[in-house]
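In what comes next, subunit A is part of two complexes: it sits with subunit B in the first one and with subunit C in the second one.
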Partner chain A sequence: MNNRSDRWLAYFMILPVVAAVLAFVIGPTWDVGKLSLTQVVMGMERGFGTLDNFRALAADPLFALVVKNTAIWIIGGTILCVLVGLAVGAYLAIDSWQTTILRALILLPWVIPDVVTAMAWKWMLHGQVGIIGSTIQAAGLTDEQVSFLGDPSLVMWTLVVVLIWRKMPLVALILCAAIRSVPSEQIEAARMDGANAFERFRFVVIPNIAFSLTAVTVISMIWITAEFALPWIMTGGGPANASQIMSTYIYQQSFEFFNWGVASAMSVVNLVMLMLIIALYLYVNRRSWASGADK
Partner chain B sequence: MGSVNLRGIRKAYGAVEVLHGIDLDVEEGEFAVLVGPSGCGKSTLLRSIAGLETISGGEISLAGKVINHLPPKRRDIAMVFQNYALYPHMTVAKNMGFSLRLSKESKSEIDRKVTDAAEILGLTELLDRYPKQLSGGQRQRVAMGRAIVRDPELFLFDEPLSNLDAKLRVQMRSEIKELHQRLKTTTIYVTHDQIEAMTMADKIVVMRGGHVEQIGSPLDLYDRPVNMFVAGFIGSPAMNFVPASVRDASVMTTSGAEIGTQEGVESVGEAIAGIRPEDLRLSDTGQEATVSLIEPTGSETQVTLRTMDGNLILTTRDRLDLDVGQAVHVMAAPGKTHLFDAKSETALKLRESA
Partner chain C sequence: MNETPRPFYWTFITLCGLVIATYILFPVFWLFLASFKTRDELAQLPIAFWPKDPTIQAYRDLFDSGSQSSQLLNWPTLISNSFTVAVTSTIIVVVLGTFAGYAFARLKFPGRDLILGGLLVSRMFQGAALLLPTYRLMNMLNLQDSLIGLILLYSAFGLPFATWIIASSLREIPFELEESAMMDGASRLQSMVMVVLPLATPALITAAMWHFVGAWSEFAFASILLESNENKTVTIGLASFVELFTLEFQRVGAAATLVALPIMLVFFFGQRYFTRGLLAGAVKG
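Moving on, here comes the complex of A and B:
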C-alpha cells in the first residue's frame, strides 16, 4: 500500500520533466517527421504521405555540396578538435606554474558568446581590413591580402579553424583531467619497462583515457553538428554556397525560402545521422577491459 | 646479476634533505631488505636506485658501472610496485611481455619467455585474463612475472605485500624468497614490516630519518643492535627498555633490584637496559612486578608486568600458572641484557672476553 503510493509520488515528481521533454523535444521531432512526409506548396500543406521532399532533396544539385561541406565541418572539425585538444591537454597535464595559469586562460574562448566570437573572427579574417590577412601580407608571405572567408576553396577550412579555436579548450581540459588521473605507478612501471615518452603516451596514457577520449569525441561531434551561429554569422553559407552546411541550409530553406517540407526532410536526414553517431558511441563504449561481464 | 654499491647518496627536495649520505653495498645475488618506519627514506632510496628519482649527490653503481645519470630504461633494473601497477588494458601475457615488446624482441622469443615465467609463477592458466579478473595474490605474481621476464641485473621491490591480507602475505613472502633462491638475482626489497625483513633478508638495512642505522644479517641485528632504535625496531614484541645502572657485571634498576647480569661491561651509573621479552624469566629474586595482563596465543604466552620502572613484556613457551594481580619477581637470562648509553642511545661496548 505504502509502496504503491510511493510509486505514484515518484511518477508525480518526474512529471514536469516528462511533460517538458514531450512538449519541447518529442513533440517538435514528431512534427518535423510528419512535415517531411507532407507536400508543402507556397507555405500551404498539400497532402500527407509523400516522399516528394526526399526526392527533391536528392535532386537538389546543391545538396551534394552541402553534404560534402558538412562532412568537412563535422568529421574534419571533430578529428582536428580532438587531436589538437589531446595535444594541448597533454601539455596542460604537466605540472608547472605556467600550465596552472594556462589551464584557467584556455577557457576564455569557451566563455565568449558565439555571436561575439563569430563577429570578431569575421573582421579579423576580412578580405580588405582583416588583421590576419594584412599581417601575412606584410610578412611577405602573400602578394595580396587573402580573403579567407571570400575564397570558396578556403572558406570551409577557415571556418573549421575558428570552430576548433572555440571548441577545443573544453576538450583539452577534459582530456587534461583524464591524463592527470592516470595512475603514476603505471607510468613509472612503463619507464622501468623501458618505454620512452612517446611509448608511455601511446601504450599507457591513451588506453587509460580511452573512455574519456571516445566520450569527448562523440560529444564534440554532436556540438559541431548542432553549431549554427558561427558559420551563419561569419559567412551565411557563402560565398555562393561554398560554406553552406546542413544547419545553415536547413535554416535558409525553412526561414528564408519557406520550403518547410524539404527543410524538414533535411532535418530528418540530420537526425538519423546524429543517431548513427550516438549508436557508434554506445557501441564503442560497450566494451571494457575485463569487466568480466562482456567476455 | 650484479652487485650494487651506493656511495654517499643524498636526495633533497628543495631545502629539505631526505637522504643524508647513504653508503650501502649489496653483493651479487644477495637479498637486501631496507626497513624502517614510514618517512625514513627507504622508498626514496629505492626509487633513486631505480632512476625514478634523481639524486642530489653520491654515486650509484650496478655491476661495477656507474648508473647515476642513466634513465631507468637503460639501468637494467626491474621493479615491483606496491599496488602492482599492472596495465589494466593488457592481458597477463601482454603485461608480462610489454618490456620485451618495447625492446623489439621477436614474437616467438617473447612468447617463450612469458610462458617460462608464467610457469615459474603458476600463472599459465591466467595468461589471457585481464588484471581486473585476478585476485590480489595473482596480481602480485603478475607484477613479479613482469620483472623476471626481463632477466635484469637487479630486482627492486617496493612494499610489495602491504596490500595483501595477512595469510596471503605470509604465503607470498615465502614465494618471493623461493623465487630468489631459484633465480639468484640481486634483490633490494623495501618494507616497514620487520618480520618480513627478518624472514626474507640475507642483509637488513635499518633506516631512520634518512640515515642508515645499522646493516647486518637478521640475527646480527637481533643479537647485537648498535642502538636503541634498532633494538626496539627489530623483534616482536619489542624489546623492553628500563633505566639501569651497572656494577660488577650486575644490572640494577633504579629501584635497586637486580634485573640481569652481563659480563664484560664497565660499571656505569646511568644506562638503559634492554631485555627481549623471551629473555625475561620469572625467578625467585630480581625485579618486583605485578602481573597486569596475560595473553596466551597457544604456542606461547605473553605476559605484561607492571613494575616501578614501567611495564615489561615477557613471553614464554611454558604454560604458566599465573593470575592477574599476582606479585612476581623477574630477571633476564644471564648475559642476555643489552646495555645502551642513556644519552646517545648507542650500545655500550663489551670488553673482549677471553
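Moving on, here comes the complex of A and C:
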C-alpha cells in the first residue's frame, strides 16, 4: 500500500461526513446569514444588502425582554448548573455503595427525551393540581397554591430549575471523575498539615480540577444556549412572553408569525453568541488541541 | 478516601443519596404513576399519591382510534415512524462513521487534524439558529414532510460525533495487529473489516446508542418539517398533548411513558457503553 492510494482512500472514506457537515451545518449557517441581510416580504426575497432586519429586531419592543430572559437562562443556568453539579459530583466521588448506585442512576435525566421532561415538570408545577405547589401550600409556606409557570415573575427561574435537573447530571459525573483522579497523597498531605474537609476541597481538590471545571462550564453554556424543546413545550415563551428566550423567539417568529427577516436576524445574533462561546471553548482547550486532536 | 466508618458519617452519606435519588427519579416516576390513575382522580384535591384502582385505560385509549378525543394522531403510526427514523439513521451513522473514523485514526492525509477539529466544532452549531435555514433547505430539496428527509438530517447531525467516538477508539488498537494482517496479504479494507472492527465493537455500540437516543428524542426539527399526521413522530405526538392538560393528563402520562420506554431500556442495558461514550466525548460538545 503506498501513501498516495491511502490518501485517496481516506478522502473517499471521510467524504460522507464532510459533505453532511457542509450541507447541513455550514450551508444553513451561510444561508441564514444571507437571509438576515435580505429584505423578505411574505416569504419572498426582495433585494440583498440591507440592515433592515436587524433594525426591525432592535425595534421590537420584545427585544430587551428576550435579551434579559436569555441572560437569566444562559448565565443563571450555567452558574447554577456548575455549582449544583460540583456539589453532587463531590458527593459522588466518595467511595461507598450508596454513591456507586447513584453514579449509575444519575444520568437518567440526561437521557430522558426533552419532551417527556417538559411534561413531567409541567405536571408537577401545575397551578391547581401540581404536587410541588400543593406540598408547599400544605406545609403552610404559601397561602394559595403558587402557579410557577403562570406567574411572569417566577416563570424564568422555574425554567432554570428544570434546566438544572436536565443538564446537571453530566456536569456532576464529569466533575466526579475529575475529583476522583486527584492524587490522594496530596489530600493526605493536606490532612497531615491540619486542613479540614472544606480547606482540603478548596485548596487541594479545586486547583486540581480547575481545568475540567472551566471546560465543563463553557460546554454547559453551549448546551444551554442550544436548548429549545424544554422551554418551548413548558411555556411556549409565555405567559405574555415572560419566558421568551432567543431560541423560542426564533421558532415563533419563523414558524408561527412567518417573520423570516426578524427571525434570521435573531438567528445570526444567536450564532455569533455561540461562536464567541465556542472560541472561548477552543481557547480553554488550547492545550489539548495543540497536542493533536485526539485528547 | 479512607474514612473510618462512623454512624454519623454513614447516615449523612445515605441521606444525601436519598435526597439526590428522589430528585433524579421523582419527576419521571410521578408521571408514570399518573398514567395509571383516572381522570377524576387526577383532578381531585388533596392529591392522592398512589392510584386507587390502577388502570391501563389510558394506554388503551392511545391505541384505540375509536375513542373520543383520541386525537388525530395514531400512536402505532407515530411509534413506527420514530423507530424507522431512529433505527435507519443509526445504521447509516454507524456504517459511514466507521469508515470516516478509520480514516481519521489510521490513514495519513493532509488536513486530517484540521478536518476532525472542524467536525467537532460543527456539532456545537446545533440549535434554534439553524431551524429556519434548515427548513428552507429541506423545502428546496423537496424533502419537507418526509421521513426520508428526517433520516437524512439526523444522519448528518449524528455523523460527526459517531466518527469522533469511533476514531478515538480505533486509535487505541495497536497498529501492529493490522500490519501483520497486511503482511499476510490482506488489503486495507480486509484488514479493517476482519481485524480492526471486531476489536472496535464496543465503540460501535456506544456510537449507535448515543445516536439512537438522540434521534428518538429529537423534537425541534421534526416539528418544523413534518406536516401530515401519518409522518409524525412520537415526540411530536407527545407535544401535541399540551392542550389536553389536566383534562386527560393520564393520557399524557401514558404517552410520555411510551416515549421514554425505549430510551430507558437502552440506558439500563447499555449503562457501560453509555458512560464510556460520555467520558470519551461528551465534553467535546
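Please note the rule applied: the second predicted complex is superposed on the first by the 281 of 295 C-alpha atoms of A that agree within 3 Å, B and C clash if a C-alpha of one lies under 4 Å from a C-alpha of the other, contacts with A are read in each partner's own complex, and residues count from 1 in each chain.
Everything below uses one rule, namely that a contact is a pair of C-beta atoms (placed from the backbone, for glycine too) under 8 Å apart; a residue touches a chain by one contact, two chains touch by 3 or more.
Note that the coordinates shown come from a computational prediction; the quantities given were computed from them, not determined experimentally.
In the three-chain model built by superposing on subunit A, subunit B and subunit C fit together without any clash. Between subunit B and subunit C, C contacts the larger number of subunit A residues.
By the touch criterion defined above, A:A210 lies against subunit B but remains apart from subunit C after alignment on the C-alpha atoms of chain A.
Once the two complexes are overlaid on the shared chain, A:P183 sits against subunit B while remaining clear of subunit C.
Shared-chain residue A:F48: touches no atom of subunit B or subunit C. In the superposed model, A:E199 makes contact with subunit B only, not with subunit C. With both structures placed on the common chain, the touch criterion links A:P28 to subunit C but leaves subunit B unconnected. By the touch criterion defined above, A:W123 reaches subunit C but does not reach subunit B.
For the combined model, the angle formed at the CA centre of subunit A by lines to the CA centres of subunit B and subunit C equals 90 degrees after rounding to the nearest 10. Taken over all C-alpha pairs, subunit B and subunit C come no nearer than 8 Å in the superposed arrangement. Overlap of the subunit B and subunit C contact sets on subunit A: residues 289, 292.
By the touch rule above, subunit B contacts subunit A in their complex via residues 50-52, 71-73, 77-79, 81-83, 85-90, 98-99, 102-103, 129-133, 146, 150.
Considering their complex, residues 1, 3, 6-7, 9-11, 13-14, 16-18, 20-21, 23-29, 31-32, 35, 88, 91, 94-96, 98-99, 101-102, 104-109, 111-124, 126, 128-129, 131, 134, 138, 165, 169-170, 173-174, 177, 184, 187, 215-216, 219, 222, 225-229, 232-233, 236, 246-248, 250-251, 254-255, 260, 263-264, 267-268, 270-271, 274, 278, 281-282, 289, 292-294 of subunit A touch subunit C. For subunit A in complex with subunit B, the residues that touch the partner chain are 183, 185-186, 188-196, 199, 203-204, 207-208, 210, 289-292. The residues of subunit C lying in touch with subunit A in their complex are 1, 13-14, 16-17, 20-21, 23-25, 27-28, 30-31, 34, 42-47, 96-97, 99-100, 102-104, 107-110, 112-113, 115-122, 124-137, 153, 155-157, 159-160, 163, 168, 171, 182, 187-188, 213, 216-217, 219-220, 224, 235, 238-239, 241-242, 245-246, 249, 252-253, 256, 259-260, 263-264, 266-267, 271, 274-275, 278-279, 282-283, 285.
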